[in-house]
Amino acid sequence: MAWIRRHLLAIVAFLVLFYMLLPNMVVILFSFNKPNGRYNYQWTQFSLDAWTNPCGAPGMCPALGLSLQIGLIASIVATILGTAVAFALGRYRFKGRAGTNLLIFMPMATPEVVMGSSLLTLFIALGIPTGRTTILIAHIMFCLSFVVVTVKARIASLDPRLEQAAADLFANEYQTFTKVTLPLVAPGIAAGALLSFSLSFDDYIITNFNASPASVTFPMFVWGAAQRGTPVQINVIGTVMFLASLAIVGVAQLVNARRSRVKVA
Amino acid sequence: MATESSGDLRLIDITKRYETFTAVDNLSLVIPQGSFFALLGPSGCGKTTTLRMVAGLEQPTVGRILIGDRDITDTKAYQRNVNTVFQSYALFPHLSILDNVTFGLRRRGVSDYKAKAMEALELVQLAHIAKKKPAQLSGGMQQRVALARAIVNRPDVLLLDEPLGALDLKLRRQMQIELKRIQSEVGITFVHVTHDQEEAMTMADTIAVMNAGRLEQVGDPGVLYENPATTFVANFLGQSNLLKAEVVGTPGELADLDVHGTKLRLPTPRLVEGVQTMWLGVRPEKLRLVNGDGTGVEDGLNSLTGTVTDASFTGLATNYLVRLPWGQELAVVQQNDGMPRASVGTSVTLAWAPEHSFALDSRQDAHAGAQDQADDTGAA
Amino acid sequence: GSKGRAAAGGGTPTAKAAPTDMSEQDKVVNWSNWPEYIDVNDKNQTHPSIDAFTKQTGIKVNYTEDYNDNDEFYAKVRPLLAAGKDTGRDVWVSTDWMASRLIRLGYAQKLDLANIPNHGNVEDSLANVPWDPGRLYTLPWQSGFAGIAWNPKATGGKKVESVDQLLTDPALKGKVTLLTEMRDTVGLVLMAMGKKLASFTDADFDAAMAELQKAKDAGQIKGFTGNDYTKPLAAGDTAACFAWTGDVVQLKADNPNLGYALPSTGYTLWSDNFVIPALAQHKKNAERLINYYYDPKVMAMVVDYVNYIAPVKGAKEFLVKQDPSVAQNPLIFPSPDVLAHSQVFKGLDPVTETKYNKKFQALISG
Amino acid sequence: MAEIGALAAASEHHKPARRGRWTPYLLLVPGLLWLVIFFVLPTLSLASQSLQTGSVDTGYTMTWNWQTYTEALSLYWPQFLRSLFYAGSATVLALLAGYPLAYFMAQRAGKWKNLLLVAVIAPFFTSFLIRTLAWQIILNNDGIVSTVARKIHFTDLLQFLHLTQTNQLMASPFAVICGLTYNFLPFMILPLYANLERLDARLVEAAGDLYASPVQAFRRVIWPLSLPGVVAGTLLTFIPAAGDYINSRLLGSTQTVMIGQVIDGQFLQVLDYPTAAALSFLLMLTIVVLVALYVRRSGTEELV
Amino acid sequence: MATESSGDLRLIDITKRYETFTAVDNLSLVIPQGSFFALLGPSGCGKTTTLRMVAGLEQPTVGRILIGDRDITDTKAYQRNVNTVFQSYALFPHLSILDNVTFGLRRRGVSDYKAKAMEALELVQLAHIAKKKPAQLSGGMQQRVALARAIVNRPDVLLLDEPLGALDLKLRRQMQIELKRIQSEVGITFVHVTHDQEEAMTMADTIAVMNAGRLEQVGDPGVLYENPATTFVANFLGQSNLLKAEVVGTPGELADLDVHGTKLRLPTPRLVEGVQTMWLGVRPEKLRLVNGDGTGVEDGLNSLTGTVTDASFTGLATNYLVRLPWGQELAVVQQNDGMPRASVGTSVTLAWAPEHSFALDSRQDAHAGAQDQADDTGAA
């Protein structure tokens, strides 16, 4: 009992963590299922079928490809645009700062249905057909704010004296930017890009408003599949994504940890 | 490209105004090539601003800055042959120590940058950690890297803005010796900003004391210490006891002064011209504690009698406070060289040679410079 | 003002054909259909009839089961149709009333009957519908009934055979789903109230809606679904529901305990129809596909699997030959008696349709 | 990815320098233009749409038809309130669950810290739809969870609280809130973590030194100091949760329909654009007002 | 609830082990009630750990802690009548100054907490800024708030962990005086940890020097300084010149020592028992610089002759290095009291009274405690 009281915080923390990871466990488990019929909701039998034939579910791999493609383009564009805005906000004093900040904040304070539907309203009004392009436009739009906030925070934590030191050491404005500022802000930019990718890759609500039947993203495929019976392959993809992100985030953390460990030393 | 021409650093009538505030006020200075120059003054007096103008990180509102005959006032920071060692070191955290040190050389296209950098690192005895990142080093080591990073460029002038401020006492003393050694080895002009008067006095050839954006006094450390020109310098550089004195006559080499009824003397040339009432200044270590009855006082010495109100042992010395009959307390320092100490409450006589005192215009504030630094009633 | 205007705005209900039909260069046809609406080889999840078509004609079929619900599908393709853009589909399968709307708005292309020599095989009863006289735009794919299905695992072994029971039995509370298909859901309730689907009034409609609202407010109804009712039904998360006949028969293959009932008060009869949308890139290939399925032998193969009613003459004969047991299946071979208890929802003019839709949508999306 | 927490730390420490008069604008223009065209304009378009009358097939005209708003509200206010209630409950639950975990990671985890952080962030990258579908399996009527919940009378408790109407977990308010909590938990944890990591442990010791029991130390020192993280986390959870409909669609019933679902249906099924637009606009307005009030009350204006 | 019982603070055989590392090693100490006690030692020697065990923030692995007769070893931090002033101040940034100061009182349910807090703020002369937030104050002010916040609780023991470490020199000296004044006013036991030996010597009644988790010496500042028991204390507390000496005879009160061939003397009782070879120690300020020929040396003084290799003016004093014939350099400090200074290169005689030197066992490392603190070749 005393042991429990002493470790109460750890126990609660691990319960919460369990809660967070439980669905992933289920996804992994059911990627090895051999369902009885078209619905993969009950454990029937162990099988590697889905793993050996991951693209066996018709339409899934193209959807996955489209999502990856959109995620990539959207995060690159959003990162470029957002980083520029973040630099303007973090590095310059200019008229309209407050307005800019508000404009950046608003998309984050707007529910996805509203953003998705309003964009659709615009596209309808302008007679722009929905599809890959409209999805991209939407994704870049909602990723932008997250990039700005992430990069801006990094810029704000940047010691201005480092740039002065560069100037003092004969670096002109351009060299100062490329040799000192950019490398130092890079982790923030990378974080913004990663965040964008995950937001884009995962988005269903906004995408569904602005997609066309010809542009089915992975989440849309999952949604559709959920209506008519999810193929086991979806769990395979879910598992791969989970493991890949574990690896990526893990490596990133390791690098970070090494850096900060050094700092502590 | 910075030119290789060198010479004295000259600030001519420099003023720097920020919106409403004048940080540096009509400052003129000549800093001889190759000298170790210290800039001293209370917080906010404009030391950093002055350095930043020399570095080119700030533009003077008025005035010119020259190195030798070359006017660099309008030259950009990266075009000046001037380098800075920042108080915070400002090492690039993403670059290795070696890359930090080669940074300036590579910007200027020096070809054998690596060899030069290693040489500089050897000078600061850090060649063995060239591959590490700044975060892996201790404060003292980072300090030395910052120094190497600046020195490797052989600038005309090296600016040091409280480079030792963040180090602890012992490390600080050690780095002072190091800095001094390096300066004499490389022969570059050092302009050193510090809060620590002892540091300034032990290291510098010349000290400039600044106050509120203006220059108070410039000169050899000994001269500044023994003969301060203002009450500010007297109080800021070490401690001074200032006694209100009235000139009563100048019979010869020594002038007669009346201090609360006691006759004291001062070499006549030291009197402040055209002023009758003045501050008679004497440093705590110049006062000798003698028996209360004044019997031990040699002829020709000034003396005053009072009561010891505080004695505190600091190891090397003992600090006393002695209250004079009119209530003023004088600070007295006596080296613990084995002479008997006075204890609190006993009556003592303080004696000193007339030539160990100085005079200042009594219209100046007797406390200027004393509170200044300790004044922390405003926000940090 | 918004420019979101239908092509029909001008009053010319003729769907645009693609500038050039790509059928010859591009040997594909893109087909959107409802789930569980085609034959499946259970071993490898392929569709034998489609494979045979490809073998025969060299035309590849991109078969997508993304038609879950008429309204939802319409909402998906409407912006494209309205904007005069290709929908990326060459043919799909819409229920009567939706097919009627598509023709009315000029979103469906006229069939080139020359490409569909089997056209004449359409069942006589279906050869002339008021909204497409002579079947110039559409041909039926399958017909079927909407009735009630249940999973005994979730009902506690209980059968659910009437609409009343479905809407009120406390044992089913929170485990009932109804269809987003207004004509089926409201239709079943209207019939349970003793109304005729060909002649009910606005007041009857409102009464049926009130009935549904009551059940919903009581927490009886878990949800309104398109064709996606099947998974929870099979899983037992849904105890009982309105369902389309063939679906349940297919589900029974995996889960023989599932029950199915055509309510004695009546049930809806409907058809789903091939529609070739405006600007379809492979119209001719689509017509070849339709023609292919109008071969009674092929249709028999499909019907044998999907268990709906074949609209093609001669299919039954083949089927009986092939698999005599299905001849006994009243769902595939509805007896006249069974047919007599089925009803067809009356045609609605656009204004009434909008009015009913609005009320029904408020019910299901609120 | 803990940079999400940057939201909490986004206050500006360094006054930006003034350089180049045109550079900032050049940097801003592309990004802001994007937002103006694809966010502001659509929002205005939405506002305008909400006041038009007509139908998809006949076109719309602007008639300043404010009635759409009153009609939409009178029809759908329950879904509105429900959304706010579910989102609010999920936010509170996420805070209750996320705080201990974030605190543990930030202050107690030692060398496990990074591993835990990875575990928290990784699911974030796994399609949330897939994970939400997994909840269907977990809460499934015959599942272990449901069986246990019935056995320990947890379902009865839920019924008493009106969080389910039957003895099952699925298709209930409980399932929806549980799913919302789950889905937005990382958005709560990361800002909290970022904040708590910077919490000076010595302050907690100082509180103990000044006679504060652990509970008092939490209440008087840890909690107030973590408020910026709490505010950032609750906003990042509440805002998207209020507009979400995935969870209510996949885990709920007709009794749990949220406003996002209504908007989605009005847009994509009913094709009643004015009503849909009016509802969207109302939702956005409600959230902006709530956020503004909340941020003001919690005294963390510098947050945005 | 803390009890009001008070008394001496006693640490009995305290050991604190972390996994593999022993931070405090079998330490026993008695700190008399009401005394000002300083704990001195190099970085990492276990000072903070000791304090934290007294505060209850850390549990000793072995040993007991008592205040008076009350064993508080197992009492929780918040139940001990002990308060700490942290080096980082650890002021609650979200609370006003007043709320910071009332914090402890309110936790203990003291009713007139506001009046008491204002009283404490007046004691540290900060009553006028009670409404401000900590971030609005300078370092010195924050320091005083931290002090007020602790003192207001009238703890049995007040622990101060380098409370002045972050302040600059002048402010530090001023705060030292303040602290001392407050301690004598409130009469609470102060346990003060510091790196600054001068601070320890001026302020404390008793100093304990720690090294590597163990106690080196405890005693009156003067005794520790004049008669260090180990080379560590000799070097750590101020500077010492240690000369290798051989005892050649103990003719009377003074023993004869041979130092590199020169005969020097030391009071016989000071010899280390049972040891023939020892370190003869003498403080830099005890050495008197006399003419090179040794003519001015009074009878009975020890004297050595050497050459000045460095002289540095620090204002108050001048520091010299004098190289002896066998290469050893001695540090000499001469107060700038007006006596003539020696210049670099001249030959000088150093003289001191035998009773101003001490002896240490020569098996001890002559450099112990000297490098210790300045060593920064490892990462900080």
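Going in written order, the chains are labelled A, B, C, D and E, and every chain counts its residues from 1.
Throughout what follows, contacts are C-beta pairs under 8 Å (C-beta built on N, C-alpha and C of every residue); 3 or more make two chains touch, one makes a residue touch a chain.
The chain list, named the UniProt way, goes like this: A, D = Spermidine/putrescine transport system permease protein; B, E = Spermidine/putrescine import ATP-binding protein PotA.
Note that the coordinates shown come from a computational prediction; the quantities given were computed from them, not determined experimentally.
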Smallest number of contact steps required from chain C to reach chain E: 2
Contact-graph separation of chain B and chain C, given in steps at minimum: 2
Interchain centroid distance [CA atoms averaged], chain C/chain D, Å: 38
Chain A and chain D: spacing of chain centres that average the CA atoms, whole Å: 16
Separation of chain B from chain E, taking each centre as the mean of its C-alpha atoms, in whole Å: 27
Set of chain B residues in contact with two or more other chains: 136
Overlap residues in chain C, where contacts from two or more other chains coincide: 2-4, 76, 235
Residue list for chain A, restricted to those that touch at least two other chains: 41, 124-125, 226, 265
Category of the chain touch graph - line, ring, star, complete, other: other
Pairs of chains, among all present, that meet the touch criterion: A-B, A-C, A-D, B-E, C-D, D-E
Chain B contact footprint on chain A (complex, rising order): 159, 161-162, 164-172, 175-176, 179-180, 183-184, 259, 262-263, 265
Residue ranges of chain D touching chain C (in the complex, touch as defined): 49, 52, 54-62, 75-76, 78-79, 136, 140-142, 164-166, 168, 170-172, 252-255, 257, 261-262, 265-273
Contact set on chain A toward chain C in their complex: 36-39, 41-42, 56, 58-59, 123-127, 129-130, 212-214, 216, 224, 226-229
Touch list for chain B against partner chain A, complex: 2, 55-57, 76-79, 82-84, 86, 88, 90-94, 103-104, 107-108, 133, 135-136, 149-150, 153
Contact set on chain D toward chain A in their complex: 1, 3-4, 6-7, 9-20, 23-25, 27-28, 30-32, 34-36, 38-43, 45-46, 49, 97-98, 100-101, 103-105, 108, 114-138, 140, 182, 185-186, 235-236, 239-240, 242-246, 250, 259-260, 263-264, 267-268, 273, 276-277, 280-281, 283-284, 287-288, 291, 304
